[in-house]
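Two complexes, one shared chain (chain A), two partners (chain B, chain C).
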Partner chain A sequence: MSVLLLQLAGPLQAWGSSARFARRTTEPAPTKSGVIGLLAAALGRDRSHDPADLAALRFGVRVDQRGVPIRDYQTAHHFETGKSMPVSERFYLADAVFIAALEGPDDLIDELHQAVRRPTYLPYLGRRSCPPSRPLDLGIREDGDIEQALKREEWRASRWHQRRHREPTVRLETIIEATADDGPVDSIRDQPLSFDPTHRRYALRGIRHGYVEVSNPAAPQPSDHDPIAVLGGE
Partner chain B sequence: MTTRTIVELHAIQTVPPSNLNRDDTGTPKTAVYGGVRRARVSSQSWKRATRRAFHDLLDPSELGVRTRRVAELLAGRIRNLDGSIEETEAWALAAETVQTATGSKIEPPKRNAKGDGPAPAPESKYLMFFSARQLDGLAELAVKGRDDIKAFFKDKDNKAEAKQIANSRHSVDIALFGRMVADGADINVDAAAQVAHAISVHQVENESDYYTAVDDHKEREDDDLGAGMIGTVEFNSATLYRYAAVDVDLLSRNLGKGLREDEEATEPVRRAVEAFVQGFITSLPTGKLNTFGNHTLPDAVVVKIRSSRPISFVSAFEEPCRADQDRGGHVREASERLARYVPEIERAYGVADDAKTWVLRVGPNTTALAELGEEVSLPELVKKVGAEVAGRQSDAS
Partner chain C sequence: MYLTRFRINTARITARKVLSSPQTMHAAVMSSFASIPVQEDDGPRVLWRIDRNSRAETYLYIVSPTKPDLTHLVEQAGWPTTGKWQTYDYEPFLSRLSKGDEWAFRLTANPVHTARRNDTEPTKLTAHVGLQHQLRWLLQRQEAAGFRVVEKPGDRQLIPGTDVHEVIIRERRQLTFRKRGSSRPVTLATVTYDGKLEVTDPEALRRTLTRGLGRAKAYGCGLMTLAAA
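On to the complex of A and B.
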């Protein structure tokens, strides 16, 4: 077993789960179906290809920089007559950074890593107009599971965001796919069964919310200045 | 490993007070990036501007039409082929043919179905995107099945042919920007071009222009002295970073084997890429264009051809630029940032030798970018990118 880590950063991202028609919402963090779709596209699969092998991977996300939700109001006009068409609303996450982790058999993880480095279809963060602003691949972690990989990975938030935190460590939210040992957990309809546009289907999957502590590289370094010592304190 | 060809476009463009793309309250669109508010022009807005530019760059036969009145359009072609067909019969033939080809219902619009006038032409429920060549193919098929069109399309081969026509030899704009037919998932086309939302390299605050308009005809002394009308227009000024990538291999598959029979196999993809490069660089969304007259062109454009994956350079501007009047403002700062950032990220990710690079730039503020690649004018750029793409495509085949 090994873990593939992906960095999902960009001015805009959008991770829809149940959005249809004119109101396209986004979840606050990348969805499994969205990331699996990105990987399937990188492999060059078409939408009717059965995603079962990729869906069987265990999935986790770490929220490195939460981002800001923004609403986009979109109009369309008839190209020839200029007549306006129904308006739609699209929601995006602006300014967010996530780490997505996929755990599975070594050879499949390897293949996905290669695909992310040379994608067949160009990758985007949930919506085509949202290209990543940093390279996606952070490489493979061979020692340990998703929990360990997300715990050890350095904080990938932007420098300006890190500088806003003075403390030496920060607590980052994780959303990790539950295992059979986890007992009762939350579930969301985000387990891809088929991406076929004629019958997209998703099953429920269990998720476990948690936190990891990572160090903040922008925290002020502790200095030798110790006024208490001068006063004879301990 | 097969050769991959991806074209990347990066542009730095300054727009003075303007409102290129606004939301439902009339406010220019924005987004937060790097922790501060930025001006934003949505990707769909600039894609539409680019598509509009194609009309001056390409032959109508290479372009598509996006319309709900697809039956009316097709009926016109049917009657050109066979003048003996009456208009209403042509509508019916067209509706049945499009319905077969796309799986979408084509019906007379409900809104004016009642009333005494003649019945309106049937329409699709949403905008459909067809190339001129696809419409010609469908028209021929409709004329062939004219005697009993419903029975004609019951035949498996005829039905398959209709679908096949709708699904091949796409126009340049469909091949680049894709087609969505919500009912006929099998004739969707994946867009070969990816256009990001343009965002400003610096922080912006939207401003509001309060205006009064004088009533010229108000001349009698006892008239009130107030303004004829008052109002506000919101706007901002921005130096935008614009990014797009074209997957040339996918574009080539979408276009199919030649727009015309009598030309080289790489000709369609060359022409499409050239039109996209020219159109993306020179086009401008028309929002409030007459109010603000903000007709500008990019100060700098960097074009790269890569063989692995595209890279957006927006991170170079995550920390917002600050204009410095003594040093040359946002354009200079943005150019220097790009000139530093591009070699750095390419070295860090081992893709430094992968790209062929051209630079189009204006004025001393963009001098820093000269070192990134070969300096060219727009006509040279378009020609060189086209030639390179065509060369790589013929090597690959």
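On to the complex of A and C.
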């Protein structure tokens, strides 16, 4: 088993799981269906392709920079007819940074890694209008599981965000797919069964919230200028 | 020569008073000598500097030809029963300096130059404002001051060719304070350099450490200290 790490950073992101009709909400963190969809697109699959092999991967997210939820009141007109489309509300996360981790068999993870590096269809962060602002690929971690990979990864928040945290370490939220021995857990309906545009289906998926401590590279360093220590003899 | 360190209790209102005005601090430092050391033109003098490592850790460093007595500062801006000042003999360290040694240094200085807008105007002392100019000010003086700021290896230079020296500007302050008997306020730009140096001329460096570098020495500028690199 190995773990593929993806960096999801962009000016806007949107990860809907329960959005219906004209109100398109976003979850506070990337959904499994969104990231699996991104990978399937990178592999060049079309929407009617069965995503079962990718959906079997174990999925985890780390919130490196929480982002700000913003709402867009959208009044769009049809491209060809010029008729007004239904007024819709679209929610986004602005300035967020996440690390998504996928754990699975070595050869599949390797194939996905190649696909992320040379995607067939361009990746986007949950909605077509949300391009990533940094490279997605953070590489493969061959030793350890999702928990360890997310724990070891350095803090990927923007420099200005890191500077706001003056502590030497920070606590980052993790949302990791639950395993059988986790007991009662939260659930979210983002386990993709089919991306077929005529009949999209998602199943419930157990998730476990936790946190990891990572060091803050922008924390103020204690000053080590000590002119007394070198005097000696006193 | 003596090097003195005094920790300032920044929670005290009177401490804020001395910290806020270099004029007041200068008076406090000078009044810690029963007889004020005679200042010859090129002789050792009293130098002081405030190191603000954090709000809880603010130090006053004094380099002086005689031992100071900071009792009054302890009463106004220190911890009268638990904190005192420490004075160390500076001579053994100064005489140990030798060519080729590498040290970390810290210097708070007042980088200025003379300028005028056109040929008819009298020249006027003007502070260097830009980082590049403030750095150049230090580099222009290093040779005469007896040291050389160490250069970074090429792969550590953020902008090759521009960011060559092991020195950063740690703090920049624009000070304005009133001087008694003067209607106009004194304005002062101070810069704190942190870096690494190599001793090129021990005698000149000793002079720099005991006589100061640059202007505004009465106002907490010009004192350079060395620490383990």
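Note that the second predicted complex is superposed on the first by the 215 of 234 C-alpha atoms of A that agree within 3 Å, B and C clash if a C-alpha of one lies under 4 Å from a C-alpha of the other, contacts with A are read in each partner's own complex, and residues count from 1 in each chain.
In this section, a contact is a pair of C-beta atoms (placed from the backbone, for glycine too) under 8 Å apart; a residue touches a chain by one contact, two chains touch by 3 or more.
Quick caveat: nothing in here was measured; it's all calculated off a predicted structure.
By the touch criterion defined above, A:Q74 lies against chain B but remains apart from chain C after alignment on the C-alpha atoms of chain A. In the superposed pair of complexes, A:M1 makes contact with neither chain B nor chain C. Of the two partner chains, chain B is the only one that A:T198 touches; chain C does not reach it. In the overlay built on the shared chain, the residue A:L231 is in contact with chain C alone; chain B does not reach it. Legend: residue contacts after superposition of the two complexes on their common chain; A:P135 is shown touching chain B, with no touch to chain C. In the superposition on chain A, A:A56 makes contact with neither chain B nor chain C.
When the two complexes are superposed, the chain touching more residues of chain A, out of chain B and chain C, is B.
In the superposed model, A:Y124 makes contact with chain B only, not with chain C. When the two complexes are laid over each other on chain A, chain A has no residue in contact with both chain B and chain C.
Considering their complex, residues 9-12, 68, 70-74, 76, 78-81, 85, 87, 92, 94-95, 117-119, 121-124, 128-135, 158-161, 164, 196-198 of chain A touch chain B. Across the complex, chain B meets chain A through its residues 1, 4, 6, 23-24, 29-35, 38, 42-44, 51, 65-69, 126-127, 185-186, 188, 190-191, 194-197, 199, 243, 245, 247, 250, 308-312, 314-315, 318-319, 345, 349. Those residues of chain A that touch chain C in the complex are listed here as 220, 222-234.
Of all the residues in chain C, the ones that touch chain A in their complex are 3, 5, 51, 53-54, 57, 61, 86, 88-90, 92-93, 103-104, 106, 194, 225-228.
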